[in-house]
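Here the chain labels run A, B, C, D and E in written order, and each chain numbers its own residues starting at 1.
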Amino acid sequence: MALPMEFWGVEVKAGQPLKVVPGEAKILHLSQASLGESKNSKSSDSVPLFVNFDGQKLVLGTLSPDKFPQLAFDLVFEKEFELSHNWKHGSVFFCGYMTVVQEGYPFAQIYILMEFIHQLDILCAWT
Amino acid sequence: MALPMEFWGVEVKAGQPLKVVPGEAKILHLSQASLGESKNSKSSDSVPLFVNFDGQKLVLGTLSPDKFPQLAFDLVFEKEFELSHNWKHGSVFFCGYMTVVQEGYPFAQIYILMEFIHQLDILCAWT
Amino acid sequence: MALPMEFWGVEVKAGQPLKVVPGEAKILHLSQASLGESKNSKSSDSVPLFVNFDGQKLVLGTLSPDKFPQLAFDLVFEKEFELSHNWKHGSVFFCGYMTVVQEGYPFAQIYILMEFIHQLDILCAWT
Amino acid sequence: MALPMEFWGVEVKAGQPLKVVPGEAKILHLSQASLGESKNSKSSDSVPLFVNFDGQKLVLGTLSPDKFPQLAFDLVFEKEFELSHNWKHGSVFFCGYMTVVQEGYPFAQIYILMEFIHQLDILCAWT
Amino acid sequence: MALPMEFWGVEVKAGQPLKVVPGEAKILHLSQASLGESKNSKSSDSVPLFVNFDGQKLVLGTLSPDKFPQLAFDLVFEKEFELSHNWKHGSVFFCGYMTVVQEGYPFAQIYILMEFIHQLDILCAWT
C-alpha cells in the first residue's frame, strides 16, 4: 500500500543552491532547517537561509551556531523551488515530508456518485 | 490537477504596509515572519509586527536581529488584511500557504446524496 | 460561501480580564500571545498569562519584553473562557482562529445514507 | 451537538504526580507546559518534566523560570499516563485538548454502504 | 475500538544508535527530543542529533543542557530509520506518535461505490 506521507531530507552545501521539484501531484512540507557540525565556525556566525520560488527570493530565517542551531518551518511547496545559504563552515540540513495529493479527492467520490445517479436515471427510464 | 495548497511569500518593506487579499474561497495560512539581511541594523533593534484586520490593529509579535530573527505563526486570514512594520534597516519576509476551500465540501456530497434520494423517490413513485 | 476558518484576535488590557464566548458550534483555536508596544516597561518584566476555564485558573505561559515578547499556543476552547494578565505597561494581544464545526459531519452523511436505505426498504416493499 | 474537541488543563504540584486517563474512545493532545508563579524560586532552577507511560519513564523537557518558563508539545495519549516534576517552588500547568474519536469513522460509512448493497441484493432477489 | 493515534517514546543512550521500524501501514510522527538528566554534564555541551534514513545521514538539530534542553520536530517516518547522538553524559528522549494508515481510505469507499453501481447494473439488467 502506498503511504500518504514520506520523510524528506536534504543536505545543502555552502554556495551550492539546491533545486527541489516536488513532482506531479505531490506537495513538499518543509518542517525544519539545522546547521551541520563544523569545527571551524565562529559561534557568532549569522546564516541567513534563502528560498527562490517563482522568481522571487525570500529570506526563510537566520541560523547561528550559538543562538539558533535549528529553525522550525510550516511551509509547503507545490512546485519547483531552490534552497540556498552562504555558511562557509558547513552544510545546512533541511527536513520535512512529501505528501501525495490523492487525485480528484473528494471530487472522485462526487463524480462516482453522479455516475451512480445517472445509472439510476437509466434504471428509472427502463422500469 | 489543481493542488489544494500553494506556497505564499511576500516581502514587506519598512513604512510600506502591504495589503493582502486571499481571494474568493481561499484561506491564507500565515506561518512565519523573518527579518531580511541588513548591514546597518543594530542587533538590539526591536521590530514589532502589526496586522490590520477588520479595522483592528494588533501586534503579531516582535522581531530583533540579535534575539528573534524569525517568528512562527499559526494564523489564518479569510479576507483582506494588512501587514506592516517600522524596521528602518530592511525588509520583513512573511511566508505561509494558500489553501483553496473546496466549494461545498462536504455539503456537495450531502446535496448529491439528497438528490439521489429524491431520484429514488421518483423511482418509487414510478414503479 | 461560508469559510470554515476565520481570523480571530483581541487586545487584553492590564487588569481588564476579557471573557470570550466562541459561540454555538464554534471552536476557538488560540495560536499566540504577544506583548504590545510600551515605552515605560522594564525589559525584565515578567508577565504571566492566565486563563479561567470552568472555574479553574491556569497559567498559560509567561511573557517578558526582553526575553519572550511572544508565545505560541496550540489550544482550543469550545466554551466560555477568560484571558487575563497583570502587565502594567501595556496590552497583550491574543490571536488565533475560529472554526465552525460542521453540524453533524460526518454523522449527517451517515444519517442521510440510513434515510436512503430506509427509502430503499420502502421501495422493496412496494415493488 | 457534541463538539469534537475540548480544552483540557491541569495543575501538577511538586511531588504530586498526576495520573491522567483520557477515557474510552478519547485521545488527549498535550500541547504545552508552563511554570506557575513563584515568589521563592531561583530563576536558574532547572525543572525536568517526566511522563510515565506503559511502565516507561521519559523526560518530556526541562523548564526554568529564567530561560524556559514554558514549553510546547505535540504529543497524544490514548491511554493512562502520569505527569510529574520536582520543582519545589510551585506548580507546573499542562494544557491541551481532548478529542473524541468518532466511532468507526470512516468504517461506519463503509459498513452502512455494504448494508445498503446487501439491501439491494435483497431487492434484486425480490424483483 | 482501535484508536488512530498512539503515544510513542524512546530513550536513546549515548553511542547506542536506535533503529526504529514503524511497521506495516504505520507512520511515525516524530515530535520532539529532550536531554535527560545528568549530573556530570557541562551546561555548554553541544549535542547534535542524527537520523539515518535510506542511507543518508542528516543532522536533526543540536541540543545543549544550557541553551536547548529540548527541540520540537514535525517529521514523519514511514519506514526504518535510526536515531543517534554522542552526548557522553546522558540519554536523549525522543517522543511522538504512531498513526495507523487506514487501508485504502478513501479508495475503499470508492471501490465499494463502484461495486454498488455494478450491483445496480445487474439490477437494471434483471428488471
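Keep this in mind: a contact is a pair of C-beta atoms (placed from the backbone, for glycine too) under 8 Å apart; a residue touches a chain by one contact, two chains touch by 3 or more.
Treat the numbers as computed from the prediction; the structure is a model and nothing was measured.
Participant: Please state, in steps, how far chain D lies from chain B along the shortest route of touching chains.
Facilitator: The least step count works out to 2.
Participant: Counting only Cα atoms for the centres, state how far chain B is from chain C in Å.
Facilitator: Their C-alpha centroids are separated by 17 Å.
Participant: Where the centres are mean C-alpha positions, what is the separation of chain C from chain E, in Å?
Facilitator: Using C-alpha averages as centres, the distance is 28 Å.
Participant: What residues in chain D touch two or more of the other chains?
Facilitator: Chain D, residues with two or more chain partners: 67, 72, 74, 106, 109, 113, 116, 120, 123, 127.
Participant: Taking the touch definition from the header, please name the shape of the chain graph: line, ring, star, complete or other.
Facilitator: The chain contacts form a single closed ring, each chain touching exactly two others.
Participant: Name, in rising order, each residue of chain A that touches chain B in their complex.
Facilitator: Touch residues, chain A against chain B: 25, 27, 46, 48, 51, 53, 56, 58-62, 67-68, 71-79, 81, 101, 103-104, 106, 109-110, 113-114, 116-117, 120-121, 123-124, 127.
Participant: Please output the residues of chain B touching chain A within their complex, sorted ascending.
Facilitator: Within the complex, chain B contacts chain A at residues 1, 3-7, 9, 11, 29, 31-32, 34-37, 67, 69-70, 72, 74, 91, 93, 95-97, 102, 105-106, 108-109, 112-113, 115-116, 119-120, 122-123, 126-127.
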